[in-house]
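Read through the structures below before going on.
Common to both upcoming complexes is subunit A, partnered first by subunit B, then by subunit C.
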Partner chain A sequence: MVSPTPSYKSTLQRAMSRGQLLTRPAQLVPYEADGLGYKRYPVELVAIPADVEELQSLLKVLKETNAPFVIRGAGTSLSGGPVAAQGGIIIHLSKLRKIEEINPRDRFALVQSGVVLNELEAALEPHGLYYPPDPSSGLSCTLGGNVATNAGGIHCFRYGVTGNYILGLEAILLDGSIVQFGGPAGGRGDWREDWKRLFVGSEGTLGVFTRFWLRLIARPEKVWTFRAMYPDINSASEAIRQLARHPSYPAAIEFMDPRSIDMVENSPMSVGLPRNAYMILTEIDGPPELVDARVGPIAQLLRNCGSDDVSYSDQANQRQALWKARKAQGGLLGQVSPDFVVQDAVIPKSRLNEILNFIYEKADAAGIAVTTIMHAGDGNLHPDFLFDQNKPGELEKVEQIGKELMKKVSEIGGTLSGEHGIGNDKAAYMASHLGPLGQAIQMAIPRPFNTRSQLNPMKVFPERRYA
Partner chain B sequence: MSGATIEALELKSQMDDPLRACVHCGLCLEVCPTYKLTGEEGNSPRGRLHLWRSIDEKRLPEDDDTDFYTSECVGCLACESVCPANVPYAHLLEKERLRQYERGRSKTDWKVRLAGRAVKQPSLFNLALTPARLLRRSNLLPHPMLFPGKPPVMESSAAYAKRLMAQKQPDGPTVALLTGCLMEALFREINFATIRVLIENNVRVLIPDSQGCCGAFHEHTGMPGTDKLFENNRTAFRGINVDRVVTNSAGCGLALSKALQNKPKVQDIFGFLGELGPKQRPRQEGTQKVYVDLPCHLVHGQKVEGIPPNVLNATGYDWELAPCAKDCCGSGGVYNIQKPENAREILKRKSDFLNHLPSGVQPILATANHVCMMQWHTARAFIKSPFQVKHIIQLLDPAL
Partner chain C sequence: MTSLTSRRATDPRCFNHFLDPVDMIGCFPAEASMAEINQLAAEHDLYFPLACDPVRSVREHVASLEYAPESTRFGPYVDNVPGMNWKLPGGQLVRIGEQVVKSTTGYDLLRFLLHSGERYGSAQDYVLRLRPLSHERYAGIFTGTPECLQALVEAIVCSSWSHWINCLNWVVSAEDAPFLECYGACLTGEGGHFIDYFSGLAKEHHTSFEPIAENPICPLPAFTIKTTPSQALTLASQCKEALGGHARILSALGVVLMYPEIPINDKQLRELHSRTTMVGGHLFGTAIQPYESSPKETPWIESILNDWRQL
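Take a look at the complex of A and B:
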């Protein structure tokens, strides 16, 4: 463990005149975890720079502090990303929340990295513009975190993930210099390589994001939501397969397993869904005359695959009702269990049945409750393992299942994370997933930017420690 | 906890320990006025829950900083409206503040403590504030929070209701009205307007003499005594036969609904009038426009969607919801007295739209809680053009 230089607090104080430095226990404790609440890492200091200029002067002196540091947006990540895994400093970008420009003519927005996703959404709406990535933490999560994890959401089957909407980005490197990759026109900007693609999804290991130029598209004029219940996994899988290749190109294809449905139905959020059933939710959007014509065929497709319980609507409140069980699922985990882990694997869609059975088998054998949802169009699976860290052995069991699941996912050609990022939670699986060559290459990439791993150590690869 | 299903039983057992119900998702951050003000995690609902849990688990000692973050909360409960895990935040906040108070860690100042004791004796409180009513009526009580009004000085709301009932003899549904402490003692004209509107709509209005303070003041500050106040109101309101108990202050309505637990049902005056379909006031021609602000304890506390549109249409005014109508104005019961700087900044951001209205518009800011009205009245310090603050019931008042 590296020790910060004794005078590092006063060094930081010198660099910041307008922002805040938090140093006392009660100020720091709330920063010890992200959305993965049960994993806590003590932090020694939190800096909240008042603006981009102050952030830059802070970064200029950070090398002198000899302390590891981590950048944090809203801390909604589910992978143990914006936490001080190796101790040290957290830089909280809660004040960098200016939407600097919305340009309807050229269809881009220039935003600071601490801008909250829903706030951007609200600012775009009057212009009829749309920024599609929509992780379910949109109410609070920041664009900086979205870019760091290359976040997705329920509509990314059709619209793609955050990386598809980054025209350019500005970042501060570890020596305090500001770099810009791409810009309002997209492309590479002044650089030979398309560096912005490298920075998207880099999980805070290359530099500190300050601004993004975001690509905007026209807001869909009309949306239809469909919900279909299936008696078995095979018919639900068939519906996923057929929807994914349907010419209407659905914006979203979501899946919920019977255990998730049971959890919702046993709760005050019950919506009257049948038990022992699998749920498929899908949405189509576009010009009214086009999507209205596709409603019949989609409803028929859902029935042909084996559902005799298909509901659909284009009315906002009814669409909300169709989504209700799915939207309630995540929060309910907290009501049924003191702690939980959400996995984020991506699997070939045709292997859903096999993986689901694998999850049930392992979890049941270990006596661990599990509920599973899936962004089915993308094969992005979220099994939620419920446990109580105060019960001896439960966490270990969950970690063991996670390990076996990730091994299985790798074997069938899947990946470890679809949208949450690796953070430190999934870092343990990287070595076996990538193999020695893959790991060596991936660990080499951040080195020119982050030579001693002072920035966000122990993330993505546990071996990447600041030393 | 194994097997194919997750039993409902476990849902209940988790709720026995609500401090652990927070999933740490952070969805509450952006609706929290103090997080948006400071950008500090500790000043958010998730941060505060984490602090309280850390204290409970003995990982963090109680100190001035933990007290500070607990005291910083406005208590608007917007976090409850977005919480996917249904964390009973209000309950935890009240418990924490009470605990602080009982341990002598509360920083509540003597004036607030004195007021907390005084409101427990409504008749004495009313008597003591008689000169204040008189001065306010004559516009001789200058205070940044005292919006203009002409409160009746001597006649009580109860006496007025009896008098008007005898005169008009309504024969529709019967309601009991909570007249409140500060509302009756200082802003009695709002109670009188409420009685007039109800009776005009053929509603029989009873005002139980034995009713007392609802307890909201004590919940906000952590002062002990709510149990006794709740019990007193249970006795007062359960002893009469009414269709509803109605309240004209969202904060008091929330506290009373907790006390009565639906026996009988407590309803905000506007929800009740919305169901009845209130009498229409004449159309107000002219440049006045009503901006409706929704009290936090109505929408986030009582979980009511808002003020029914038929009620707002019945005022005869052009109206629209104020921007960010569901966001806190910074009042928070006595928060604007205890944390004036925060309260001022929260209101400054929220009220800024009044500086950008089309020219010629004469705005009326209307809400449904007298404490919010007091807070809005202080916005005169940073709103360039004049505006009025009204209770929505005053816009429906037949005496207008």
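Take a look at the complex of A and C:
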């Protein structure tokens, strides 16, 4: 662990006259982990700059000191992204929360990076505008974290992920300069290269985002939600395949396995779902003239694939009821288990059955409980491993399963992460997934921006150590 | 290209040619024509929507276009090409991206490199995202005063119909007043709903709507302008005045496809450049030289290239 030089705190104080510096142990504890919870990294100090100007002064002094530092949005990452893996400072951007402009004519919003996703959503609604990326952490996650991880969500099968909606971004680089890549027009601006493409999804390793120009679209007018229960994985898989290829382009195709359903049904959130069943949730949306006529064919498709339990509705409260088990699943993990890991991988959809069996075999053999959900349209799988790190050997078993799962995912043509990013949780698997040449070309990217890996070290690639 | 072949590569992770109808994704040689790709895809009731000219290759499309007319519905090329086999400046072939449609594994080299010309190497094969074929199509033309047509465009892009319209283009040419073309594909039996919607809108906005039998042909442009939707029509009209020919504007996206009669000169280019970059836009295409790298980005580019040359 690298520690800041002793004079460092006073230097920071000089750069931050209006913001806050947190130094007391009780203040620092919440910053030791992200959404993964069980992995903790001590933090030396937390800086909360009051505005972009102060953030810029802060970055200038940080460069001259011996301190690794990490940017934090809301800390909801599930991959060990915003943690001080090599010690040092956390810069919390909770004060950069202004929605600066909503432009209905050119359909963009200009927002600061600390704006909370659901607050943006609430501000857009009266304008009839829609920003589709919808990670389930929307209540607290920030646009900065969303862009840094290229976050996805339930509706990205049709609407796409965060990166599809970034017209431009502003960032402060480690030399203290402010750069703007793109803007309301969504192009390159006055640059030869399209640098915003590299910065989206860069997991806080290239620069510090301050503002974004976000592309907006019209809100879907009418939505129908369908829930179908299947007796076996083959029929559920067939429903996923057929839905994904259906020309009504479902906005969402979600999957829950019987173990997830059991977890919900054994809890106070129970909705009376049959046990030993696989659940598919899907949504279609559009103007009523089109979407209403698609309801019959979609319900029939779900039945033809082997479900005799299909429910659907266009009423808000009933749609909520159909989603209830799926939405409850994430929150229950922390209630039923002292610790959990939410894995994130993308697989070719044709391999779902094989991968599920692989997960069950490994977890059962190790005596580790697992529940699996999936953004099924995209093949984006989230097996959630439940464990207790106070029980000797459990964490090691979960890590071993994770390692074997990632190897298997790579082998079958999938990828290590679909929406959570690599962080430090999966950095160790990058070499085998990318191979030596693939890794070498990737490692060239942070070099010009963050040469010594002072910003967010040990993330994405374990070799990115601050020395 | 009549069938998918297997290939050997420097990086064992490079993509083989394939077509996966379940994931609606396939890897094709960069020189494959759009017609060849769409013929293979059609066997599985799929298609690649960002094709303009069936006889031109994917490589030619990527060099000319970042947005095709159907980008209105399916997004730009960068969101429809999840992977590539890429030849580095030193000659090695390396895999970029994935053969699944969603990934946050590492830096997004794919989107950075896709339209970078030959500055960092070149694509040998592209992994393309395919979409379900719909067998019913609709197409039509709106005519009227520019103000009324503009109000009509706003009405469409602000409604959820916009998610279901493949193309909504302004056509600006010397012969005619600007008009709008609108076309797409829909589920069997839905074509009538689109025509009713367009006819109703036309009446509401004091314009006319005329259904047409075929989608208009949209060849590869000489260059494209990426700007804001509100600036696109003015820029396109001014370019057409100065250069002749015609322009198509993807109205929802602020993309202008230019088909000039005479080449754009340096002065015109500089002026257009400054007006588009001011709003974070740019110019692109085979008729446009890549911009000079700015002093700020030159060392970044050199650092990346130096590292890659040493591999």
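Throughout what follows, the second predicted complex is superposed on the first by the 464 of 467 C-alpha atoms of A that agree within 3 Å, B and C clash if a C-alpha of one lies under 4 Å from a C-alpha of the other, contacts with A are read in each partner's own complex, and residues count from 1 in each chain.
The criterion applied here is as follows: a contact is a pair of C-beta atoms (placed from the backbone, for glycine too) under 8 Å apart; a residue touches a chain by one contact, two chains touch by 3 or more.
Since we're looking at a predicted model, the values are computed, not measured.
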### Task
With the two complexes overlaid on their shared chain, look at subunit A and say whether subunit B and subunit C clash or fit.
fit
### Query
In the overlay of the two complexes, what angle sits at the CA centre of subunit A between those of subunit B and subunit C, given in steps of 10 degrees?
130
### Task
Figure out whether A:K408 sits in contact with subunit B (first) or subunit C (second), or with both, or with neither.
neither
### Query
Taking the superposition as given, does A:H382 touch the first partner, subunit B, the second, subunit C, both, or neither?
neither
### Task
Could you look at A:W191 and tell me whether it touches subunit B, subunit C, both or neither (first, second, both, neither)?
second
### Query
Touching A:K459, do we find subunit B (first), subunit C (second), both, or neither?
neither
### Query
On subunit A, which partner's contacts cover more residues, subunit B's or subunit C's?
C
### Task
For A:E419, select first, second, both or neither according to whether it touches subunit B, subunit C, the two together, or no partner.
second
### Message
Looking at A:R211 after the superposition, I want to know if it touches subunit B, subunit C, both of them or none. Which is it: first, second, both, neither?
### Response
neither
### Query
In whole Å, how close do subunit B and subunit C get at the C-alpha level once superposed?
20
### Query
In their shared complex, at which residues does subunit A touch subunit C?
104-107, 128, 149-150, 152, 156, 160-161, 163-164, 167-168, 177, 179-180, 182-195, 197-198, 200-202, 213, 217-222, 241, 244-249, 285-287, 289-290, 293-294, 297, 346-350, 375, 378-380, 413-422, 430, 433-435, 437-438, 440-449, 460
### Query
What residues on subunit B touch subunit A, complex-wise?
1-8, 10-11, 14-15, 17, 20-31, 35, 38-42, 44, 46-48, 50-51, 54, 59-61, 63, 65-66, 68-69, 82-87
### Message
Under the definition above, what is the set of subunit A residues touching subunit B in their complex?
### Response
20, 22, 24-27, 29-37, 46, 48, 74-76, 92, 94-95, 116, 118-119, 137, 139-141, 258-259, 262-263, 266-268, 327-328, 330-338, 340, 360, 363-364, 366-369, 371, 386
### Query
Touching subunit A in the complex: which residues of subunit C?
10-13, 20-24, 45-46, 75, 78-79, 88, 92, 94-96, 98-109, 111-112, 115-116, 132-134, 154, 157-164, 185-187, 189-190, 193, 196-197, 226-231, 254, 276-277, 279-282, 290-294, 296-297, 299-301, 303-304, 307-308, 311
